[in-house]
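The following blocks contain the structures, represented as structure tokens.
After this come two complexes, each holding chain A, first together with chain B and then together with chain C.
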Partner chain A sequence: MIRLLARKAAIVLTTLLGAVLLAFSFVRLIPGDPIEVRYGDMDLTPEQLDAFRRDLGLDLSLPQQFLIYIQHLLRGDFGTSFTTNRPVWEEFITLLPATLELTICAVIFASIFGILLGITAAVFRNSWIDYGVMSVSVTGASMPVPWWGMMLILLVSVQLGLLPVSGRLSAAYYVESVTGFLTIDALLAKDYEAFRSALRHLVLPTIVLGTGILAVIARMTRSSMLEVLGEDYIRTAQSKGASRARILLVHALRNAMIPIVTIMGLQVGSLVAGAILTETVFSWPGIGRWLVGSVSTRDYPVLQGGVLLIGVMAMLVNLGVDVTYGLLDPRIRSRR
Partner chain B sequence: MSDAILAVPEKIPSRAVELWKSFARNRAALVSSVVLVVLVLLAICASVVAPHDPIEQFRKDILLPPAWLEGGKVAFPLGTDDIGRDILSRLLHGAQLSILIGIIVVTISLVVGCALGLVAAFFGGLIDTAIMRVMDILLVFPGLVLAVVVVAVVGPGLFNAMLAVAIVMMPSFTRLTRASALRELSREYVSASRSAGAGRFHLMVRTVFPNCVAPLIIQATLGFANAILDAAALGFLGLGAQPPTPEWGTMLSGSLAYLQSAWWMVTFPGACILVTVICFNLVGDGLRDALDPKLRR
Partner chain C sequence: MAYLDVRNLSVSFPTARGYARVVEGLDLTLDEGEILGIVGESGSGKSVSALAILGLLPPDSRVTADVMRFGTHDLLALSTRARRRVVGQDMSIIFQDPMASLNPCFTVGWQIDETLRIGRMRGRGRRRDRVIELLQQVGIPAPEKRLSAYPHQLSGGMNQRVMIAMAIARNPRLLIADEPTTALDVTVQKQILDLLSKLQRDTGMSLILISHDLGVLARTAHRVMVMYAGEGVEEAETRALFTSPQHPYTRALLDALPEHAGAHRRLPTIPGLVPPLGARPESCIFGDRCRLVAPICREGRPAFESHGPHRRVRCHFPAHRLDLREEAHLVHAR
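What follows is the complex of A and B.
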């Protein structure tokens, strides 16, 4: 297990260095001078602009700039936003909980319903239930996220008036930020009305973000359950008189979980993509909206730092999935 | 359908007929391919079929509902948008764009991805490591984030969005080609061809590559679906096709403000995206079942 972790760490480190290089170079590929963009409308003399360039180290050679960039990164300095003048890291860490709260809810929603639907489809194989689940799965995987969000708003919020249209909390409430997770913070403050409001705001974005992964999980659960249900040890369990529920949930699901966990790891990318779109539709104040906003305001430090941080986060999640994978299946640990 | 084919047993069916038979057995895939053929025909004939010009503004007929609703006009079957453009005409021309996006994105990523994959498999060593490491790094970044970055570098616009999506999709083709090429390289027919004096390029393109095509066809079909979805997502974020281009995703982004007053502006473009993407996915699944019997359950 330790050797597996060490190998993984080596791969992660080289990939990380590549990611840093990529984040460093793409900002320098953007046509136009970042200094002009930032101070262009302030009517400064060329000497003053040069002074700013020197401050940011933009007058040095590229390799020198890269070394300085890495030094800054190691100190936790991801640059300063052009638009707000706040450190990029600080903005990232204040917005991250909103995205995490949404993403975690979406993953829980997708796992519970995806696995349930997948098991149901496998048990009733080739019946109309199976076809129904598979149709839902194909539709979910093909769903354009922004449209799904707008359709739900139209139906649930506008037509039926059941849930709020956008944001994380009604303006009527204020919750002291402790963890940044509004639901948890509201509970900590014992403000149950605010908790209810935060939950109500979470429902639609969770469904919208979770649908895509739900579809993939349902499909994967179905096929790996079908595979596992044909195995000898299932028949052994049946002949020993184990109940149907026990066979399905204990014997079969445990072994079917390995491909399911893998597929969840592979979905991290689509989860981040979905979060960007979901946050835009629901005006959810998270890192996805922040990143897209930085493109239109040409806030290069935010773009550079944000992309790098999101990449690193995705990498860490994948590493976590790999480790879980090893824990679930002891054979994988020794095989390599 | 299948009875007609089964009724001629005297000839041994060719590989193409076999493939078609097993593809046609999948009813969903068959129906989807019919829908796609209709869509492509509509897209090709868009300027003939569409009742109006997609960017012509009918200032007197702003935000008209679809024709079957009260206040709708027959001249605008699916209603008009906030500056009086005919939605049906925009959707038809949007189909043209979406098909074009799919073709261009898949072609770029397929050609470049396959070439890199073949080179990595054949040359091995440092070249292999370098190519695959770059692909790994590209894969670290979630697809849409990478696409947003590419658009930030090259500027928003339809072509740049296509380029961005193509770069995002490339690593999957490279990995797939490399893996199948490595598998084929260990086969005897390759050694035979090599000892018969075939050059490296000939081995790469004429001997090995044709045997790697099946998984690539499947991936390319599914790639169409992803290309259309991703380009629409960029369009929605305002980073793809710019107004007044009638791209489906861009149409969605313009409709967000009219969500409460004009549902038809939102509903139809999204439904078009959904149906097209579902069809490509189902055809991809059908092809997988037909081309790759090992994966069939």
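What follows is the complex of A and C.
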């Protein structure tokens, strides 16, 4: 057990170190450094620019800079943003709830509809319902987020005027931040108008971010259900006189969930990528937009810290997936 | 009148080249409290027939019959919903592989309890008592502790006992045991068979015991139906079947039993193969492998004819009328 944990920890640390190294070197490959981007059009002498660089430690060699960065990390210091002069960790924590609120909604949306569609396709396999669901699913999985987002905005918000175009909350409302989740905060403040506004702002980004995983979940649910429905214990349940709904939702789905949860865990990476694009399209003030902004200002600490923290989050999700296996399948539980 | 009465049962499954008959013209009757054994090799249609009676075949299969009556229920006329109520309430089944037949995600206690819940038994505590009683009845030691066990934590024999507990939970009038001991160790096989016989005696239910092992049926069944390639070929009371088999196939099966072959001798086998699905002849289905085959056997299928009480044979030349064959040859020679 201890050896297993140690091995897992070693893997996690190496992966994170690799992520930091990649982030560190890739941002420095982008032409132009933070100083040029910031002061480039201000008629400063090269000496003055070098002085700014010295302030930020950018005059040191890359290995030196990297070692210093790692040293700081080990002390729990993610550095300070070049542009805002605020600690990276603080900015991250302030923006995180917005991204979490969006991704959680997207995952819930994708799971509910993905699993329902997958079950439907499995039950009516090889009928036009099945083919319909599966072709919609292929289309959904291959839809580029920016295009899909803009089309929805054009149709639903601009043409039909049904939902807001961008942002998290209409400017008419102010909600005291407690959890950072606007919907929850609005409810806590008993401001139902603001809650409604926050929900309305969530709808389109949720759909856009959720579509890709919804499609993947639907396909996985279908094939997993088809496999499980052929098992002997399904026949046993039928021989007990169990209703069709009971067989599908209790006996089959529970067994079919393991591959579905696995695929959901694997989708976290694409969810982060999708969140970055979705937040940009909808001006959603979260981690994604923060990172995209920091690329154009060459805000090295923000980019490095952001990538690292997202990596940590992805690993936590995978840990959660491992735990869920045990909850779903008693055979895995007792193997531990 | 027989308690279970099935006449002219046929089952076909869709294949790439149209529907293939798996069971053809099978007649089955069963009295209350009787044990009927069905024997036949793999693919002879024994399990499919059982599943057809219970209505558990996949929806794309075709099941037809002239009569399918169980007690007062006309199974052919029942709606899917009503059929589901009869299955589980009055008739139940246990399968070959107990490990695969129990849902791995739920405790055995939960799964037996579910059967009672589907049967509308009220009261969590009452149901729990009943589950424990059932586990005791099927000989599972320390039942209270087993309630929270998962199938993978129990042995194959224990799981089959759990399956039996589940099957008898609602006091069915008919239990079908489809190769209940095939997946188990030899030592456990006898225990399970003894348990089934005992439960049958105690409750007076009817039992259909399906097996490919004549030895298993010899010990347990009152009456045996021999199936070959989807048809019944001989039916007789157990003792009569073993002492004077009438159909050449039954004869060959008995000859192939190790205890009949004697020591240090090769076991006799039946030459040839079962005709594959889709290539089953219109004439006698055993004709190609039969040592008695005569020209008349190639002209249409022999009927499943009655030869005395509880004895039917599908053959032109049953053992007690071998003289008929001599005549047939003489006629042919002339």
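Just so it is clear, the second predicted complex is superposed on the first by the 260 of 336 C-alpha atoms of A that agree within 3 Å, B and C clash if a C-alpha of one lies under 4 Å from a C-alpha of the other, contacts with A are read in each partner's own complex, and residues count from 1 in each chain.
Just so it is clear, a contact is a pair of C-beta atoms (placed from the backbone, for glycine too) under 8 Å apart; a residue touches a chain by one contact, two chains touch by 3 or more.
Just so we're clear, the structure is a prediction, and the values are computed from it rather than from any experiment.
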Room on chain A for both chain B and chain C (clash or fit): fit
Dominant contact partner of chain A by residue count, chain C or chain B: B
Contacts of A:Ile276 with chain B and chain C, given as first, second, both or neither: first
Partner chain in contact with A:Leu291 - chain B first, chain C second, else both or neither: first
Contacts of A:Gln238 with chain B and chain C, given as first, second, both or neither: second
Three-chain overlay, vertex chain A: chain B-chain C angle, C-alpha, nearest 10 degrees: 80
Contacts of A:Leu248 with chain B and chain C, given as first, second, both or neither: neither
CA minimum distance (chain B, chain C), superposed complexes, angstrom: 14
Residue numbers on chain C that touch chain A, as the complex places them: 51, 54, 56, 84-85, 87-89, 92-93, 95, 97, 100-107, 114-115, 118-119, 150, 152-153, 163, 166-167
Residue ranges of chain B in contact with chain A within the complex: 133-134, 136-137, 139-145, 148-149, 151-153, 155, 225, 229, 232-233, 236-239, 249, 252-253, 255-256, 259-260, 263, 266-267, 269-271, 273-274, 277-278, 281-282, 285, 297
Residue ranges of chain A touching chain C (in the complex, touch as defined): 231-233, 235-243, 246, 251, 254-255, 328-331, 334
Sites on chain A touched by chain B in the complex: 11, 14-15, 18-19, 22, 26, 29-31, 138-139, 141-148, 150-151, 153-154, 158, 223, 226, 268-273, 276-277, 280-281, 291-292, 295-296, 303, 307, 310-311, 314-315
